[in-house]
Amino acid sequence: MNQFNYIRPSKQQAAIDAVAKDGNAKFIAGGTNLVDLMKRGVMAPQKLVDINRLPLTKIERQGNALRIGALALNSTVADDRQVRERQPLLVQAINAGASAQLRNMATTGGNMLQRTRCPYFYDTAMPCNKREPGTGCGALEGINRMHAIFGFSDKCIAVHPSDMSVALVALDATVLVSGPKGDRRIPFTDLHRLPGDAPEKDTTLEPGELITAVDVPDGPFTKHVSYYKVRERASYAFALVSAAAALDLDGTTIKSARLAFGSVAHKPWRLTAAEQMLVGKPATEETFRQAAAVAMQGAKAFKHNEYKLKLAPNTLIQALKTAAAA
Amino acid sequence: MKEPNKQIGAGMNRVDGRLKVTGAATYSAEYQLPGMSYGVLVGSTIAKGRIKSIDTRAAERAPGVLAVISHVNSPKVPGFVPTGKDPSQPQTVGGRLKVFNDDKVRFNDQPIAVVVADTLERARFAARLVKAQYDQEKHETSMEVGVKQGFVPTQAKKNPKSGVADYVRGTADAYKTGAVKLESEYVIPTEVHHPMELQSITAHWEAPDRLTLYDKTQGTLATRRDFAKEWGLPEENVKVIATFVGGAFGNALHSWPHESAAIIAARIVNRPVKLVLTREQMTTMVGYRPHTWQKIGMSATRDGKITAITHEATGQTSSYEEFTESTVQQTRMMYTAPNVNTRYRIAALDVSTPIWMRGPGEATGAFALESAMDEMAHLLNIDPMEFRLRNYTDKDPEKNLPWSSKFLKECYQAGAERIGWNKRQLKPGSLRDGEWLIGYGMGVGTFGAHRGSSKANVRLLPNGTVLLQSAVTDIGPGTGTAMTQIAADTLGLSPDKIRFEWGNSQFAQAPTQGGSAIVNTVGPAVQEACLALKEKLRTMAGASNGAFAAAKTQDVVFADGYLTLNGNPTARATYADLLRQTDNGFVTVESKPDGEHNKNYSMYSYSVHFAEVRVNPLTGEVRVSKLVSCADAGTIVNEKTAGNQMKGGAVGGIGMALMEAAVIDDRFGRYVTKDLAEYHVPVHADAPAVDVFFVNQPDPHVNALGTKGIGEIAIIGVAPAIANAVFNATGKRIRELPITPDKLI
Amino acid sequence: MNLESDKPAQHDEARRYFLKQSSLLTALALVPGPVVQAASAQFDETVAAAFEKVPLKLEVNGKKYKLKVEPRTTLLDLLRENLNLNGTKKGCDYGQCGACTVHVDGQRVNSCLSFAVMHDGKKVTTIEGLADADKLHPMQAAFVKHDGFQCGYCTPGQIMSAVACVREGHADSEGEIREYMSGNICRCGAYTNIVAAIQEVKNGGQKV
């Protein structure tokens, strides 16, 4: 790993200035992904701006939403009484990710900003447009078992690995950002981007912009929820496919639904059309199958991930069944 | 009858338990030496070709860098010779990679340079600055291609009686004309040992002709021999210390390029060099279970008697070493079949050399054979256990010899009861618990009960305690504990009066730890050495005490501060007096197997594993909800540690069955599953509480202790048990491991 | 230096000026790769290194340390290579095995995935600090009794994680223990015995 400068500002504006003014500077919070990437030579910032001493750890009510500070640890959020009562889907998603130790380190903001686990991105001896634009996509015609079936481009077919973000995109969260040009709010669906011609950019954040919090609006999804994650072992693994399902039921009739897939695209994949299709329908397996069919429209597989065309809808059906039975 | 002071069998706590739970156990990268420096390897980024140029200037000028060594400036190592005839080493043709010896690249991530610096951080940074240019040649890493190019191993060509040579009993390929027949292909992908401790070595030239290695190895003497040879040194000038080994499972059975590199580096910088591999390098350069293709042809009569089995296998090896293993061996002896033939081939690819991984070839072979047994039972509509019983053999059909002991039927019975085999339905997909399908499966394992030759040193100390020493390593099974128990029982001493020291090449000769042979081999040596000590002390005491002179060895009793005699407590010889008569030297005993037993009996240990699995039919997730492992392993020296080994083997089998696969992108000849996030091994949540049963009947022929060995049979047969249970749950027969969700939806 | 300073540190500018003089900049710039690019921008660290070490106050197992460390030194490497606390193990170095688990301010974390400087002013407990002098911690004693290990390499991490698992209240059932211990891999496969040890400690009601 290269040497770098390390600063630990106590004021938010100083942190933002430090990164905004230096193209080679990065924020560091939990470090669970950045330190890993620096060890492998995938990222090599020359300055790290440690934001851990900024006062961004609170979880509090803010109007009709829960505001979760960007530095609230994953474990803190998952164990928080208010979050457990109001947003059980988020709790399930967070606890499906990583390990107890990593959740004690990873922050809310950092979890959103974790980078893809594509092996071509991780190995500096292989081509990857995300790591080194112009070198080509190693996965496109390589081992693409873990890769995208939605929203990819010929430059990149990587998927976003976060579990937490799948719940947040389903729950209509909003990301609060502070940057050199001031503050702004980004709907969660717009935080992550599709690779297009610039896969090196994971998100729509501008240089120096710092996530300060995420607002999760109150909703009726406090009971019938399920984050169902299918992976190659029972825990501590990235998803092959995951599905977040939240239902508001009136008896057995679906009043409203929130659905999203994980590990199918360069961003957490919200399933709005399938949600709309569910409204007013009975919460039966047949209905769920129809919703899954809608969810899969436009999906396309590569050589090794054809199974996702079946696993993704099945996982969604499983999540819906589990949610309805909860 | 159990004697009051009997330690064998008792679940004694490990003698090194306290060191391990307090963090005080010292592994090979944890020795503090003055002037320590750090080595980091630079790997090739192509799979085959030549290094055209290597630019080390930036690395050399980076702060703290002491040396950058590559083929350009590496000193000539006097003897990069092929591995010798040591039975603990692979029967390789060709030889180990001669690191930095030439400009050739033979596999991707082959070490092409080592950077040495004064701190770890600086060495790691500088290693990234080394850049190589290559003349690339077309490589081949695909086993799809390899299978078509399989060849008879040189070893088999030279010796038709070799275990890897073709074998025929009755008529070859007779299954083709059988009444009920099947022909199935099975694939095991490359699997990686991935012990939790990274491969590490600290190399220290204490003088220009004296080398000390703190090394992760399963054999201190094998490592000593390899590097003494490499440097043209007398073996006694090389000291290898491996007191604690953080798991190995076979990958420290061979000497590897990073060890050579660290020794070269230490010579150049004239300081101790510590070199710890990265987790990626654990995949690329220190061995693995070879990707293996197999085909089983089997025929049976309609009433369930096997008439013929043909077992073919092709395993991968490297371009520079022929690695072979006993993949097809058990098919020759497991069941009564008049017609059996086996063919074993290897395929040379542009990859690093494989090495035995727990259960080695037998575990690979058992996946094919035991899956085929299940397939045939299904075809015949017979319970798979009943089918095995109908083909049970009371003598070795391969060697035509009686078994030294065999209690496999007892294992079947105990296991069937414990798993609840009677719940199993013949028709797949019959059992459900809510959304989850339930299935039951079994798999049998066997492994040769080997006893080699070994020495043991034993010495009485003035305080009445006994010190034993052996060069053997303890990679986790609890060798140190078992030897302490054996010594305690032989001497009639409490275990806390005995100190067993191991893992040092300067101690008494012992084989490399592997092949489930350590208790079988070192155990009798310890036993005999302790008896010799008793006898020596008795003789010494007898010189001035008639009672001792007239007594027998077994009458000697160690009391508090003196030796006495059973039945004659007034006879006394104080330790101080006895030791005054000696030069405080060790009693060393060399113990060898009795060759007659080998000629007259066929010796194997056995296991049978029963699995209950739950399968989600929508998502293809498989959970092993119950595992019962039963073993006929002869005498169990320590129920606690032996049981732990069985449980651990079962967990390894879960890995084989459900998740483990190392994958190469053949375009680059480079692995895409190089770390523990990409290469999955079982975690806590994957493992049920494993239920273990031991027959615990001594084998009368392997050795005087009656042991047969545990480590390998703990995993052999587990993967097919799970695969068979998945079939029973779903009706889907998965013949290519691992059984990941995509294969079941 | 004052890390908390909200102004750019002076040395930064000085260093940058120095680095501009480096003659190898051009040569290295031809080589791609972010690390090499970074290297080129700070090539001659022999001088720069004087600026690089930063102060760090840490309490480890009750002992207070005042250190100067490179920011790139991880907590794990600091413990093992600088403080001679080798009980904390390096199994993967990427947060994928849990062998490096320690407690920072009472919480279990992977020490391989954070830079030591980030823990300035904090209290670290490693396996060496768990026992009360010669008396084993109940979890250590339970691991010995239940043989919750074989090779012993993952053991310190398992035990640190197990203690935290009980303290967090995530050890109420076998299933919960398995899930909350899944961040600690044991390749020897001693899971059955580890879970038994944790259950005994949890059910024994001893203070952990």
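Letters A, B and C name the chains as they come in the text, with residue numbers starting at 1 for each one.
One rule holds in what follows: a residue touches a chain if its C-beta (ideal position, glycine included) is under 8 Å from a C-beta of that chain, and two chains touch if they have at least 3 such contacts.
Predicted model, so just to flag it, every value in this text is computed and none were measured.
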Select the chain at the greatest separation from chain A, using centres from the mean of Cα atoms.
B
With contacts defined as at the top, give the pair, B-C or A-B, that has more of them.
B-C
Give the identifier of the chain nearest to the protein's overall CA centre, each chain being represented by its own CA mean.
B
Report the inter-chain centroid distance for chain A and chain C in whole angstrom, where each centroid is the mean of the CA atoms.
26
Note: chain C sits from chain B at a C-alpha centroid distance in Å of 31
In angstrom, rounded to a whole number, how far apart do the mean CA points of chain A and chain B lie?
41
Multi-chain contact residues (two or more partners), chain C:
33, 35, 39, 45, 48-49, 70, 72, 93-94, 178-179, 181-185
At which residue positions does chain A touch at least two other chains?
1-3, 39, 41, 234-236
Can you pull out the residues of chain B that are in contact with at least two other chains?
121, 125, 128, 675, 677, 682-685
Per the touch rule above, chain C residues touching chain A in the complex are 3-9, 12, 32-35, 37-39, 41-42, 45, 48-49, 52, 54, 70-72, 74, 93-95, 98, 101, 107-110, 112-115, 117-118, 120, 161, 164-165, 168, 170, 178-185
Chain C-facing residues of chain A, complex:
1-11, 13-14, 18, 24, 28, 30-32, 35-36, 38-46, 48, 50, 52-53, 75, 98-102, 104-105, 124, 131-132, 234-236
In their shared complex, chain C is touched by residues of chain B numbered 11, 13-14, 16-27, 29-30, 32, 57-58, 61-63, 119-121, 125, 128-129, 131, 193-198, 244-249, 276, 278-279, 475-478, 640-641, 643-645, 647-652, 675-677, 681-685, 687-690
Residues on chain C engaged by chain B in the complex (per definition of touch):
24, 28, 31, 33, 35-36, 39, 43-46, 48-49, 70, 72-73, 77, 80-81, 84-94, 96-97, 99, 126-128, 130-131, 136, 140-141, 143-145, 147, 149-156, 159, 174, 177-179, 181-196
Listed in rising order, chain A residues that touch chain B in their complex are 1-3, 39, 41, 117, 119-120, 122-123, 125-126, 138, 141-143, 145, 228, 230, 232-238, 240, 307, 310-311, 314-315, 317-318, 321
